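This report refers to the structure that appears directly beneath it.
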Amino acid sequence: MTRAQLTEKILDIKRERNWTWKYICGEIGGVSDTLIVGALLGQMKLVKPLAAKAATLFGLTEVEERMLNEVPYRGTAMPPTDPLIYRFYEMVMVNGPAWKALIEEEFGDGIMSAIDFDFHFERMAHEKGDRVKIEMTGKFLPYKYYGAEQGIPAYGFKEE
Amino acid sequence: MTRAQLTEKILDIKRERNWTWKYICGEIGGVSDTLIVGALLGQMKLVKPLAAKAATLFGLTEVEERMLNEVPYRGTAMPPTDPLIYRFYEMVMVNGPAWKALIEEEFGDGIMSAIDFDFHFERMAHEKGDRVKIEMTGKFLPYKYYGAEQGIPAYGFKEE
Amino acid sequence: MTRAQLTEKILDIKRERNWTWKYICGEIGGVSDTLIVGALLGQMKLVKPLAAKAATLFGLTEVEERMLNEVPYRGTAMPPTDPLIYRFYEMVMVNGPAWKALIEEEFGDGIMSAIDFDFHFERMAHEKGDRVKIEMTGKFLPYKYYGAEQGIPAYGFKEE
Amino acid sequence: MTRAQLTEKILDIKRERNWTWKYICGEIGGVSDTLIVGALLGQMKLVKPLAAKAATLFGLTEVEERMLNEVPYRGTAMPPTDPLIYRFYEMVMVNGPAWKALIEEEFGDGIMSAIDFDFHFERMAHEKGDRVKIEMTGKFLPYKYYGAEQGIPAYGFKEE
Amino acid sequence: MTRAQLTEKILDIKRERNWTWKYICGEIGGVSDTLIVGALLGQMKLVKPLAAKAATLFGLTEVEERMLNEVPYRGTAMPPTDPLIYRFYEMVMVNGPAWKALIEEEFGDGIMSAIDFDFHFERMAHEKGDRVKIEMTGKFLPYKYYGAEQGIPAYGFKEE
Amino acid sequence: MTRAQLTEKILDIKRERNWTWKYICGEIGGVSDTLIVGALLGQMKLVKPLAAKAATLFGLTEVEERMLNEVPYRGTAMPPTDPLIYRFYEMVMVNGPAWKALIEEEFGDGIMSAIDFDFHFERMAHEKGDRVKIEMTGKFLPYKYYGAEQGIPAYGFKEE
Amino acid sequence: MTRAQLTEKILDIKRERNWTWKYICGEIGGVSDTLIVGALLGQMKLVKPLAAKAATLFGLTEVEERMLNEVPYRGTAMPPTDPLIYRFYEMVMVNGPAWKALIEEEFGDGIMSAIDFDFHFERMAHEKGDRVKIEMTGKFLPYKYYGAEQGIPAYGFKEE
Amino acid sequence: MTRAQLTEKILDIKRERNWTWKYICGEIGGVSDTLIVGALLGQMKLVKPLAAKAATLFGLTEVEERMLNEVPYRGTAMPPTDPLIYRFYEMVMVNGPAWKALIEEEFGDGIMSAIDFDFHFERMAHEKGDRVKIEMTGKFLPYKYYGAEQGIPAYGFKEE
Amino acid sequence: MTRAQLTEKILDIKRERNWTWKYICGEIGGVSDTLIVGALLGQMKLVKPLAAKAATLFGLTEVEERMLNEVPYRGTAMPPTDPLIYRFYEMVMVNGPAWKALIEEEFGDGIMSAIDFDFHFERMAHEKGDRVKIEMTGKFLPYKYYGAEQGIPAYGFKEE
Amino acid sequence: MTRAQLTEKILDIKRERNWTWKYICGEIGGVSDTLIVGALLGQMKLVKPLAAKAATLFGLTEVEERMLNEVPYRGTAMPPTDPLIYRFYEMVMVNGPAWKALIEEEFGDGIMSAIDFDFHFERMAHEKGDRVKIEMTGKFLPYKYYGAEQGIPAYGFKEE
């Protein structure tokens, strides 16, 4: 069994029972919707108690439940051909250089983590057409400047 | 003169005068920092009054000022090799399918605009290491279902 | 079940019953032919009443009907190897820069939407060989210039 | 001298004199704006009388005028990274299969020419935001079914 | 059923019955061998009377016969890895610029059609090793220079 | 000096003196036009007597003359973006499998040489639009089946 | 049946019977081991008498035997990810320009054939670690310089 | 001035003065050699005191010194064509799946940071040929499982 | 049977019996964990005694045991989309040039072998978050400078 | 100065003085021609005494002489577009799997080194056209199977 086969099975059940993601996330709960849906689509792992809930909800076997608890081989084909996902890709492509300049000026040399980050979106009513509102925070991880004697950071946080 | 040459000139001046982006954005003002920095890096256009301010600040010629007011050929090489920008790319690659599922369930068939969107980031102090906080809102644009008689939308917003 | 399997099934039925797309679109109706055919080929969703009609026409199961109502992961392999589709790709590749220059001069900074657009083609008789006539309109979406205070557009439509 | 250098020179002059494309096309005239702008951007050739007009307008040398009359090596980098051009690319990528199905059913096996086609766009006022209206016609070119004796088409137009 | 499955079935039958392409083309006839073999390999359509002959010859079902009459999604993976096909690709890659220069000087701006062309090859005995002799003719399609008033060609064939 | 610089110089001179390729090939002569133009565009070498003629015609230095006599690093960017060259590429992509099947059946396992081949094109008048007529012959090179004792061909030409 | 399926079957039998390639090549014989193994892996054809021996050895059906006698669609995915094969690829990538310079100086303009070549490798004992010794000879194929009158070589072998 | 130009200048000086990297790193000191060399090659930033030392050593201008203190756009072309670097790439390509399995089993879901890591190599004498010994440590960053209430991690470190 | 099918079977059994890699490696033993896991994932071969142990542990057939003892076609898709593996890839991409400079200065012209290398990782407790500690040694292989008389190294180890 | 600029200078001098590679290699001597030509084309380093000879021969500056002694960033663009180099690439692509099978059966798991190898070619007269004869030997490097206790090879050479 591959993870893709498990995802297909889960989507078949969701379609058959006419469930929404909102309903599914409500039943499993505990972590953000993005994470639950990501796990069911094969991009995230579910921690054990949630994998158990998901297994009960979808009537999965014990082996399938364990697979949901495994870390998958993450990532999808790029560039994205789907317009909804492409728009996010385009934001990064067009605005990446400016984000880099501004974040590095504020935080120093480093990155915003794509691992330790949270993501939340909600609907924002707007007279000219509703908007998708996204909030995310990611831990800033500074490049470390280790010393000539290995393992000895020579400078503290946000060196210039 | 190409836009890349103008960007190089602007960065040379910034470096020579030891200016920060914060200072530059404060001097030009009027729109978000992301947009100003994006324009100076060759990815956005500056509207005329701001192009004029930028020209005064950097001592640009009239022709260079006009170039800042032109819409550039946008976009940068992908996949990004720079780690800071790659992390955003990775977020899209890993989380794209989940975002698509959740946004479409909430809004119907469509996209979050990468054109009519605003972006804001700030530092969020945190005991385990400061975080980058990002907020953005983008207009949701529903796929239109035009009728068999051309130009006649057969269904309203958020059809099922 | 994947969307590709559903498409293959639909094409098998169409072939077996010797139906034309014109006949199929006439039976389902309500929206443009491009949209109906696109949905049956797995690139668009059909709104519920039309998915129901399609299900009746093709004798689909309830689950298959629901799948037709889902938003698919859009997009096809590029560059197109099929000559008919490549010619459209070539038009964009060769004429893209000119279209960009002219549209931006007329409308300001922004794009013509690929989401809110309608498309219509018809046969145009011509003595030297008939022509394909295509008409499409797409909403112009201006790049928004949000203000330094986030979310406050600093300039109106078609700023210079 | 390369064509790219000539394009850069022309854009420098346009910027210096603060001309619009509309003004330039009005001065050169005779063919569609898309073709004139395409030629000045290095994707099309200008026929001799128009190349002469362009040379007078921009004060080009005789050699540069001849270069405008040469057929360039056409085409630009794909996929387009610029959002305006990408939207056209996306239309082809998402709708290509449906266009293919419908055009082939109407016209038989063949293509819509990207060589013998005309293109026109105009602004369409609309209360919810103006629209870009595009009309194009392209000659349909049927695949020829040449006979076993070479050069003898065995079937006429739109064979089944 | 996909076209690839039909091709595999046809090749299985050909192998089983130990037929040559020459025999098959002789049985189906009417158009050039390249076209018949191309159709059986999934790159061309067979017009109805020929599809019927092919169906009889291979003992295909009615549905399979109809599929042979459909226009396939043309094109194969590029660059070709097979040496025989690569040599043709290399000819285009190395000689393309010269062909372009010479054809455009003779015919004006345009292309040699890959749609309306015929192709014929034969064995040419030669003392130092036999040669493949290829003859093809393709219709020259001039770029049209449509006028400022849309749809009005401003210049005739082979403008300069 | 690079070969590309020499090509640019040659094209500048050709443009300045308003020469056609036909005139140039007539002056240099001795081999086919495709080969002469290919060499001047940097894809072929000119044998010494012809390089001398070309040098006299274009007023090249002795070192430039020697460069024309060098074998260049052949090949151009693929896939070709120029429509004229792309049409040849498409012929190979669509018809390659059929050509392979037919040539191998006629000649056995091997290739048609892209090195030992000649190429000729001419205008073919036609009432429905003139055609480009291409003739080429290429030596057939059979795959050799060397024996277990190295260097000893175990089978002759066209083994089965 | 595809060639890949036949290869998989042959490898299954080889594994089951615990045969070495040496044993297999000894049983089939007649041509070099590289060619026999290449054919069984789907990259070469076996001439009829050898296909018959292979069929007897592996217990293949008559149809499978015929498939071994067919010319396959050659070539594998590049760049090679397997380290053993990559090393050969790297030799070409790093040393290609030097090989080209030296071979062309010795032989004139042309190539070393990849079709008419033989290949042999053996173990070379060496105190610092055994070595793989490879010997190959390939026919040199000179670029032909056909004359202005088509088909008439204007210059002989190794023109300068 | 671009970063690549600064790197070229630094390498020119290094070559002219016949310096080794060891000497240069000794003069600049403070952080690991990898970081100093990386910065001089344009992949890292030097903190201010070290940029000052480097500027003195190489006789750089004040503006060039500031550029060394800027975070560059990191990353180089992939896959690496240079054999030394390719071997590291190959290690990742071949062993990546095993490393992933073992690290995730030991640490839970997350990554080893490429930002907060140190790297050290030394020569290891060995009778059969000296070896390169590499030691690196990277901070393990666990995927965070934020709660349904945004920003609230629902599970601690190394959830199962 | 393909190697991928064997890997899938092994992972199914591991999941079913709820085994860890640590347990599996402990049972098979003899070589490093990286190698055992790599072999079970299809990237390495297991020597015969270990393949036998693995077969006993997983209850494999004799044929499957032999397949574990075969050298697989190594390598995985690049660039890696999985974040854990990507971080190693990024280290190579960003630090490759510095590693090359430093290793070559220390060892002379050559590479660190990706074939004769060992790899070891362990958990390193750290107050600010545990770290992955990696140690590897690879044999340095100097480029050999063979003499004009073939096979005669003209210079010893570490020539300058 | 970049290595590419040095290569261009060397080729200019070679052309000006009308030297052959044979003459140049004779003057520099000491190592194989492939290595000397490779170094002058920017793919290899010359050891100091040979770099000195090359500098004298070409009249290079001391700094250029040092550059010849540096290890370059090796590798060229792939796939090769030049036909001569492509033929070698094709040999690897088509025959790679067979070479892998045969070498691994003979030597065990490992590679033939692309670093410690020598290469020699010569002209082989042949009545049907002269042949290029290539001989190369490369050290076989076995994959090492290090033990669970790190750094302890658990098995000797050519384990099974």
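A, B, C, D, E, F, G, H, I and J are the chain letters, set down in written order, and residue numbers restart from 1 in every chain.
Here is the rule we go by: a residue touches a chain if its C-beta (ideal position, glycine included) is under 8 Å from a C-beta of that chain, and two chains touch if they have at least 3 such contacts.
Here the structure is a predicted model, which is why all the values come from computation and not from measurement.
Shared contacts of subunit C and subunit G, meaning chains that touch the two of them, come down to E, F.
Here A-D and G-I were compared by C-beta pairs in contact; the pair with more is G-I.
Inter-chain spacing, taken between the CA centroids of subunit A and subunit B, is 22 Å.
Mean C-alpha position of subunit F lies 26 Å from that of subunit G. Each chain gets one centre point, the mean of its Cα atoms, and the points for subunit C and subunit H are 46 Å apart.
Separating the CA-averaged centres of subunit C and subunit J is a span of 53 Å. Across the assembly, subunit H contributes 33, 35, 44, 73-76, 78-83, 90, 93-94, 97, 100, 104, 110-111, 113-115, 117, 135, 137, 141 as residues in contact with two or more other chains. Here the touching chains pair up as A-B, A-C, A-D, A-H, A-I, B-C, B-D, B-H, B-I, C-D, C-E, C-F, D-E, D-F, E-F, E-G, E-J, F-G, F-J, G-H, G-I, G-J, H-I, H-J, I-J. Across the complex, subunit H meets subunit J through its residues 8, 12, 15-16, 18, 80-83. Contacts from subunit C toward subunit A in the complex involve residues 1-2, 63, 66-67, 70, 73-76, 78, 114-115. On the subunit A side of its complex with subunit H, the touching residues are 25, 29-33, 35, 44-45, 47-48, 69, 71, 73, 97, 100, 104, 109-111, 113, 115-118, 120, 135, 137, 141-148, 150-151, 154-155, 159-160. Interface of subunit G with subunit J (complex): residues 20-22, 33-35, 37-38, 41, 43-44, 74-76, 78-80, 82-85, 87-107, 110-114, 117, 119, 121, 123-124, 126, 128-141. Interface residues of subunit H facing subunit G in the complex, by the touch rule stated above, are 79, 81, 83, 86, 90, 93-94.
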